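Structures incoming, each one as structure tokens.
Shared between the two complexes below is chain A, which has chain B as its partner in the first and chain C in the second.
Moving on, here comes the complex of A and B:
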């Protein structure tokens, strides 16, 4: 999981367009697998994304799903919309943030 | 007399009915808003099926046509599927054919000049208009990410717009439509405070969906030209007060308001019997005698009360 999130962060950070899009998007995202004890996080600040493991305080966005779904979404093998619409991916936070995460993943892996 | 109804996910406060002459025939048209309620909209379409000549889908796009690809929004597909007999159209066929023609005519008549800067608030639902602006040399910013998703990223070329469409739309059409576009009471909300005024300030021409424009309308529109539709008399007063120089609506103004493209497309289908995916559709649109409308709201460059 952590490797997947780190690769996701690297894909964002090496993409000039995504850095520009996220330049004013400062967020802490808690990634909470429902079938594993470990928790993870992503942060976005000044256009750069970082990934890590462990609990975070005051996350702006919480993402809950089975480990395999989270890995699939953040590695680009599954679009977030499908598990979200099916209720298998739960997101707590603003709709704008959810939409942005979806757009980021699609711009990295879409088409 | 032919009768068409626009079933809209928009606010019922904008309901109205009137008549329009299409190809020398009077057509009765009415608009019924369902305040963002998908179930109500579906029930209404079911109840109208077989009883009217065509149904327009308002406040929602069924098809997003970008270059040679057509993407179907799933929520709209479900709504349209509620009618088994009566054709249901969303205006995309009219936008694809008519709006690029209007833009070229506005340039030919000197209303628009390619040296002007354009803000097209949403281009994925109006690719024909976007393509016309880009091809004619207008420096054009497409604001789809800015106004629909609140990502401050202007799209500045038709190639990038096409790339975004290819990457985003196959997935985004599966999202609940309310995540993509304001529906129901969200359409009636007063202009919101936002940081996107710079895009309006930089533009000479503001074009596209009026709900997006109105929602982010800056205090001053002094000297600017707007190309849109679905404006009412109250909207024109607002735009005049903000200093807008010229309002162009791509659809005819009937009883003081310019109708949505879905309404006019439904009237065309009812009158001609030709559907938008018919090879004859372009000819039907161009021979229908449609009119755009140009109104000068503030004749002096520094007139208006916008700031």
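Moving on, here comes the complex of A and C:
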């Protein structure tokens, strides 16, 4: 999963318009696979996204789903809205941040 | 693990109470009083509120089980199936359009009474247009202003109603406990006063404590029952003869004037405006994001997922505002506002019945999933109350208009048939269209500042 998240971060960072869009969006996102004991994270700071693995003290947004769903969402094979509307991807945090994440995936991979 | 931004219980209360307290509630109170036969209208509101407590506990369990902004879409998908879920979600979301249209009508009536030189339809166009424009620009009424507005409305209703009840001579005590032939209809329409209390559940993701939703809904229901119950009593004190109520299109202004004179009149004009505009704002914001989410899962045309340069789903918002405007102008032209009240009460009654079934079904299907809150009286009492809501919903839909036509039933049946046809025939085509990697087309017109 870490590789998928790193590739996602790289796709964001190489997209100039996304960097511009995210330059004032500083967030820590905890990613918690429900079927594994691991914890991953993404951070957004000054337009750049970083990915990593390990505990997070205070996340702005928590994303919980099965490992396979998280990988599918962050690799662009599944729109986050689909598992979200099906109740298979749960989020804790602001709806504005969730929508921003959805838009990021939309800008990288399209529909 | 803590999340940094969390909402307090106060926001759960104000959101639940604020969304339920639409301006159309003033006219709904008149209708409840008419059916109840006058001073005993409070019984209908109390019974409706008591039943809704069970429904609130169902929503609290479902929201704790699946805390999601997609709320009813998720619960019905898990408890029923995808197609039914989509039909129910679309019909349910359309009640937002009913309420916006009904509030626009009430607002026009109030403004026309205050400034007769300006026709009511012009107020509808200007005020709905202003809120739609502000939303398109990404300008939102902040949560704090909505909190204050909700609190001021409820406090105003309580205070002016108490003043009226203090001033007016009370009817014979037996009239307060009169149960007439229209009591069932009065209870069914009493449900409408509380409609929207559950629209706080899509915010579940933003509360750190999952129990805040249930507590917030219960407190809000209590406040609504007291404020609108007193308002209805004040109305029946002013109009002891029920027939006189039928021609009242601005009951809140009359109550305000009777309580505090001209100051009370204008204060209630202001309260009507802020309440209606809060409903427009909250309704358009929530429903446009719902339409956006459905477009993203290809259940609606992709153009509904278009974002403007302010990151607002502009087409979805314009569609909803346009539908609300057409409906409001139609109601203005025909004067058939009760159709919207009956349709709204009917759909919500059916959804409250459904909530009992979903809790029952998901307790079986997903017995081991953690539930921060467990609904009251499951299974038998909850299902019994669900059955009552089913009857109340049907009762509201079957309420006839002046010509003896069940217009609300016809309206909701046509709406449901259209949605069913859409979900059966159009959605599969939309979903089968191969995705084009159209990031550029999907991109907003400009990036955010």
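The rule is simple: the second predicted complex is superposed on the first by the 110 of 111 C-alpha atoms of A that agree within 3 Å, B and C clash if a C-alpha of one lies under 4 Å from a C-alpha of the other, contacts with A are read in each partner's own complex, and residues count from 1 in each chain.
One rule holds for everything that comes next: a residue touches a chain if its C-beta (ideal position, glycine included) is under 8 Å from a C-beta of that chain, and two chains touch if they have at least 3 such contacts.
If you're wondering where the values come from, they're calculated on a predicted model, not measured in any experiment.
Comparing chain B with chain C, the partner in contact with more residues of chain A is C. When both complexes are overlaid on chain A, the residue A:35 reaches neither chain B nor chain C.
When the two complexes are overlaid on their common chain A, residue A:10 makes contact with neither chain B nor chain C.
When both complexes are overlaid on chain A, the residue A:46 reaches neither chain B nor chain C. Judged by the touch definition given at the top, the superposed model places A:61 against chain C, while chain B stays out of reach. Of the two partner chains, chain C is the only one touched by A:93; chain B is not.
Contacts of chain A with chain B, set against its contacts with chain C after fitting on chain A, overlap at residues 17, 20-21, 79, 81-82, 85, 95, 99, 102-103, 106-107, 110-111. Residue ranges on chain B touching chain A, taken from their complex, read 145, 149-153, 163-164, 166-168, 170-172, 174-176, 179. Every residue of chain A that touches chain C in the complex is listed here, in rising order: 17, 20-21, 28, 30, 55-62, 79, 81-82, 84-87, 90-95, 98-99, 102-103, 106-111.
Interface of chain A with chain B (complex): residues 17, 20-21, 23-25, 79, 81-82, 85, 95-96, 99-100, 102-103, 106-107, 110-111. Contact residues on chain C toward chain A in their complex (touch as defined above): 1-5, 66-70, 73-75, 77-78, 202-203, 205-206, 289, 293-294, 296-298, 302, 305, 307, 311, 435-439, 441-444, 447-448.
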